[in-house]
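Please read through the structure below; I'll follow up with questions.
Chain lettering (A, B, C and D) follows the sequence in which the chains are written, and residue indices restart at 1 in each chain.
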């Protein structure tokens, strides 16, 4: 089991294959979440991310271990950025490395979905004339 | 529509985010296929890939356009390597960039599945005492 | 005894940290939530409000003690 | 008239290219396949054998002409 978890100021996407490649893996699946220029048809200028860092890391570890056990992964990576992020900047990078491709695709989707549900990180959206903490309503 | 298709001697995974990021995209999904050290419990030493290059590129274009239309993608990338590839080397890189994550995950899976079905590229496996062209049997 | 606040909860409370004396401090996670929701009614507008005890999500019946690291977790929105 | 072979088909035929005179050349994709399977029975062992006409998969009834780029596509195994 090889788990690589970080809260960073800037996501580095250039090392992702180095971080996930493994002699026993035939496939690596990676998801990168980035700042989109609109949300609900309004123009977004930038985002700000805040984390409860120690807990975010321990929650990501739980998620990574769960994924490793369920899909028999060789490697997992989960990086999340904090601070101000401009349009097109990466804010989250998750990835899984496995013998066959179905496992890494399913695991990668689980990593990002579960991160979004459980990991204590908050996003504030900056528009032209307002800024709001994103709080999903039921 | 922004489609990036190549047959290369070596896959470069370091530029994947540069190649796929887009101001209108909130998510990028990437799959990298690599050389695994075993196949059906036998030790593999290396692989050799051969392509009918002009047709492979035109087939990949068809697949990329199909995915773009079906999932409303902002960018698509499909790179395949040819020649001799050692264990842990990347051999194929496909990725999709879209507003929301479900689209890029589904599109990325479609890209690799359809590439494996249709694109005229062939793999030879080198074992200790034999080498065989991989020919999926029904 | 300190409680940490994040995101919109920090904004509602007006601080990233509140200090409680040992006396007024509630005994359980449920008690803490009742107390906070009374004191800061705007917290009631959130779709959820979780409490973390020592960096883990806590259940309502868990008991709080002096040395716990306590944090208020409004709806998360990472990724 | 030339036909290109790849992968295991190239190995079975023993060459990456075969040259046909205009006379003996079959008129359709189906005809070409029949001719090749007779000449190289080992090709029958493959799970599929496709023909590409001018860099696109061809259907059985398509007609072949002098200037076509023709290729034999054994089961692909990229990725």
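Methods note: contacts are C-beta pairs under 8 Å (C-beta built on N, C-alpha and C of every residue); 3 or more make two chains touch, one makes a residue touch a chain.
Bear in mind the structure is a predicted one, so any value in this text is a computation, not a measurement.
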Here's a test of the contact network: exclude chain B and give the groups of chains still joined by touching. A, C | D
Show me the overlap between the contact partners of chain A and those of chain D. B
Farthest from chain B in C-alpha centre terms, which chain would that be? C
Whole-Å separation of chain centres (CA-atom averages), chain A against chain B: 23
Centre-of-Cα separation between chain D and chain C, whole angstrom: 72
In chain B, residues with contacts to at least two other chains: 33, 112
By residue number and range, which residues of chain D touch two or more other chains? none
Mind listing each pair of touching chains for me? A-B, A-C, B-D
Can you list the chain A residues touching chain C in their complex? 33, 49-52, 54-56, 58, 80, 91-92, 112, 115-124, 133-138
The answer for chain D against chain B in the complex is residues 4, 6-8, 11, 46-47, 52, 55-57, 71, 73-79
In the complex formed with chain B, which residues of chain A make contact? 13-18, 20-38, 87-88, 90, 99, 101, 104-105, 108-109, 112
